[in-house]
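Labels run A, B, C and D following the written order; every chain starts at residue 1.
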Amino acid sequence: MKIATLHDAIADHVHDGDMLAIEGFTAFICFAAAHEIIRQGRRDLVLVRMTPDLIYDQMIAAGCARKMVFSYLGNPGVGSLHCVRRAVEKGIPRPLEVEEYSHFGMVSRYMAGAADLPFFPLRSYMGADQPKVNPHIQFVESPFEGDVVAVVPPLNPDVAIIHAQRADPSGDTQIWGLLGVQKEVAFAAKRVIVVVEEIVDESVIRSDPNRTVIPGLLVDALVHEPWGAHPSYAQGYYDRDNQFYLEWDRISRDEAETQAWLDEWVYGVEDRASYLRKLEGQDPTLQQRLAPGEALSQPVNYGIYG
Amino acid sequence: MKIATLHDAIADHVHDGDMLAIEGFTAFICFAAAHEIIRQGRRDLVLVRMTPDLIYDQMIAAGCARKMVFSYLGNPGVGSLHCVRRAVEKGIPRPLEVEEYSHFGMVSRYMAGAADLPFFPLRSYMGADQPKVNPHIQFVESPFEGDVVAVVPPLNPDVAIIHAQRADPSGDTQIWGLLGVQKEVAFAAKRVIVVVEEIVDESVIRSDPNRTVIPGLLVDALVHEPWGAHPSYAQGYYDRDNQFYLEWDRISRDEAETQAWLDEWVYGVEDRASYLRKLEGQDPTLQQRLAPGEALSQPVNYGIYG
Amino acid sequence: MTEYTPAEMMITSSARALAGERVVFVGVGLPNIACNLARHTVAPDLELVYESGVFGSRPARLPLSIGDPTLVSGATLVCGMPDLFMYYLQGGRIEVAFLGAAQIDRFGNINTTVIGGRSPGFVGRYEQPKVRLPGSGGACEIAIHAQKVFVIMRLSPRGFVDQIDFCTSAGHLDGEPGGRAALGMPGAGPQLVVTDKAIFRFARDTGEMYLSSVHPGITAEEVQAQVGWPLKVADGLKTTVPPTVEELRLIREELDPEGAYTGKGE
Amino acid sequence: MTEYTPAEMMITSSARALAGERVVFVGVGLPNIACNLARHTVAPDLELVYESGVFGSRPARLPLSIGDPTLVSGATLVCGMPDLFMYYLQGGRIEVAFLGAAQIDRFGNINTTVIGGRSPGFVGRYEQPKVRLPGSGGACEIAIHAQKVFVIMRLSPRGFVDQIDFCTSAGHLDGEPGGRAALGMPGAGPQLVVTDKAIFRFARDTGEMYLSSVHPGITAEEVQAQVGWPLKVADGLKTTVPPTVEELRLIREELDPEGAYTGKGE
């Protein structure tokens, strides 16, 4: 494990053709990493994520991906992902192969991957058409009472990127708020990059070991990148920038406007710090607009035994 | 859900012949509930627990059980469970049927029970003899690469008893420290009794929703019983009483001494409060001896969004 | 009588159907407002479970997505997706769930995956669709496990079709009694479809959707014109009871004061 | 040369075998002290994982069981049993694990379930045993998944037997090369057996245990007398290097100052 810049973490661990999972279910979406991958010009990625959201819409518009594995396509609370739709419906900027599950199917694939199981069983897909278009959805009979359940195979991305609130310098990572499948994808992936709002002293993590979701043992690179999830959010650090989610709906409907946006906000900035400076230049109230108030957890006593 | 005395919770929810799981892996072991069950004279129980520990040793000595489902028999850090051994090896006070798994097998059975799956897959038991003596351990071939894995069926106890640090009056329960399989058994069981050190205001629970392990939705009875786990422990509240674990090794080697102990400490006291008074009468340093120092978790900010 | 929007009609109709329910699986938008309205009226003990893993939420503002951080702060329990799908949904803890649909057929089978397409055949249509929709999300398994499913969608000929292009979430299958149970589907399937023009229910014996009530000013003929199969109509077709003054006050003053979901005349 | 107890010899021998290892699955008692000694000497980066779900523990006192609360306070991560078994152990994250045994055979297969019994036949013996032992706990799957297994037990004819009464945790099976892999067992199986009299290892090609070193003052013949099969002996049988002054200081002053595990001459 080493503490790295986002540039170096991506350069070292994300390669052309990799299967990449940037997870965080509707929260903690690491746009900073996606933009760095776009800037570094990665190609032929297999993008894995339950909810592709704007982050994969942008990466697909930038031509990074050849395939996407997912369970729900949408701009949450707003509407369609227009770049994904252009790629699927019209092959713009390039054709995009899709491999599709329900949410539970994706969760199960990650769990099988994390647990090194050849399959994970779930009661889903009965009566539905997904198994007809996805050979990875099969059915197995129980040896106990003859009950039949669906099974899906493990998903083991080459690299997973997880955004979180804090980690110690060894990479022991704590997350609070929506936990999604971050733990599962970290255990399932061959390499793990963790991007945090804060790197804290080991004593902070050790004061609350039940809150640690990802052990440093799994982490190949730890990146300190405040506001790395904007326009998504990090619980307790900043709010989702809903204005941008609405604006993207407009921008992304048009291919040229989309490319112009990428030119300005991704290719046109050097790194996340530059992006934030530019953003605050445009909107000086940004921090104030998105800063949440304070709602602290009440402490618990682990006790001193010694 | 209703807040109840331990007497009433046991009277209402634990019946002769029930399959009962009192869980808590090497911690949070609810001796108060076991003693109440012994006092109420329950019979023919199927006792389920990964580590039967002293709690089931006592219940078996008291003649409550006809069968035990488990994965590790021992007085942790001390030695054998002599009452269990007398029942298995010699049928004293009555014969005890056993159904045995590895730890992972028990964990998997609880998960299948909690998730309403007909089986749970695990890579275990290859080359071992457990499947020869337990027909609930079967093997299934994966439809994906022909890999073979063990599977075990769901375990759905009639009633589960969980000891925890705190819950709100609706039964939303928080646990910190060793989490064992408490969540899984609560979801797997048909009825759930939660016994806590403290009933706290809803606002305490709501200040840290990620720490809630069992939702009130599952809880049939909530019991406030401080020190209800003694001689086991509740993280941050009191330490394990190792002296008693050592003493039980001596007492339990002899059937008559065992029965005398039950007479004095279980049948001879009315409830847990009486037990604690008697205990402190014998050992006035009890609280001081077992009280841990303070090691508080550092709070996290969930943020106010509104 | 007070004026109301079609969205307000859909919200109050959905809320009333939650009378006496305990645990509802909820998305944002209209279902969210409907569930909160129900909690203020017919179902005070209603627990809202969000697909994002949030239980017992007390949002300080109207959530704009199921991932809104306002759902988390002050909730009673927030868990990861494995727990949510394995223990809450598959474990049978969800009584009612709301689903949306791009297409629905007479048996309540739902498509939210693809529409049309250039290639011949089923798989080809999937691979080269005319319109790529969001896909399942959790809908496929919600439709299987929730004890009851309520559908909220607008009434239109494109939506109410004789043959859906893709079955994302199974309803009453082909209507054969016991068909769901035979496939191992624990929930009872779709019970209610709330639209901007009318409310539909399903016949217990045939699993077929029928017109249960029309909103004030709408006729059964107008509804049939929007539905792609010969629609069965309830004996004694009723007119939907419009939102009460108190329901409208709750929606407008407390639940969606900025009219994010209800004010655009949706 | 400093005096030392058999337990101290077992601890130092085990600790030295951890040189360069990263993640060890540990029980209490001697393995716990051995792992902590290794962290002070040959394996400073060693991470101790306890079966109870504790990672990166910094116990403020000598833990008396794997469930001791002192293991939790100040650890880096504490998780439930599903995570521990599914993601850490089965997920292949454990490099070395220590196991104890009541009986072990020449291929490192281990019995911790039952001894003897009155009834004829295998199942009968299981159901009416002479001695009911603890059973598997996590040992059955630890033996399958840990990349390497180290066994700690006393040398005795009751323990080192030609035929174990029950196979709780498989070692090298019948010694057939590739046998473990053919059954889908990811770990390499037993690598080392540390006793109070001698140290054993396993031949790479046959999977058979051989005498690797004898503790000072013990002969190969004395060891053979305690082993229930004709024991193979390493070419150039060595004498185990006894604990150093520094190792003994660490054990006696820092790791087990009250001699709970090391002072009774075990």
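One rule holds in what follows: a contact is a pair of C-beta atoms (placed from the backbone, for glycine too) under 8 Å apart; a residue touches a chain by one contact, two chains touch by 3 or more.
In this text, all values refer to a predicted model and were calculated from it rather than measured experimentally.
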Those chains which touch chain D and also touch chain B: A
Chain whose Cα centroid lies at the greatest distance from that of chain C: D
Centre distance in Å when chain B and chain C are each reduced to the mean of their C-alpha atoms: 41
Inter-chain centre distance, chain C versus chain D - centres from mean C-alpha coordinates, in Å: 58
Whole-Å separation of chain centres (CA-atom averages), chain A against chain C: 28
Contacts with 2+ other chains: residues of chain A: 111, 116-117, 122-123, 147, 149, 177, 179, 183, 207, 210, 235, 239, 292, 295, 302-305
Residues of chain D whose C-beta touches two or more other chains: 54, 68-69, 72-74, 78-79, 86, 90, 186
Chain-level touch network, classified as line, ring, star, complete or other: other
Interchain contacts, given as pairs of chains that touch: A-B, A-C, A-D, B-C, B-D
Residue ranges of chain B in contact with chain C within the complex: 111, 114-117, 168, 170, 172, 183, 187, 202, 205-207, 209-210, 212, 215-218, 302-306
For the chain B and chain D complex, residues of the former touching the latter: 25-27, 50-51, 70-74, 76-77, 80, 84-85, 88-89, 100-105, 107-108, 111, 122-130, 132-133, 147-149, 177-184, 233, 235, 239-240, 242, 292, 295
Chain A partner contacts - residues on chain D that touch it in the complex: 22-23, 47, 54-56, 58-61, 68-70, 72-79, 83, 86-87, 90-93, 186
In the complex with chain B, residue positions of chain A that touch it: 116-123, 136, 138-140, 142-145, 147, 149, 151, 153, 165, 174, 176-177, 179, 204, 207-208, 210-211, 235-237, 239, 292-305
Residue ranges of chain C touching chain A (in the complex, touch as defined): 28-29, 51-54, 64-69, 72-74, 78-82, 85-86, 89-90, 109, 113, 122-123, 126-141, 144-145, 166-170, 173, 179-180, 183-186
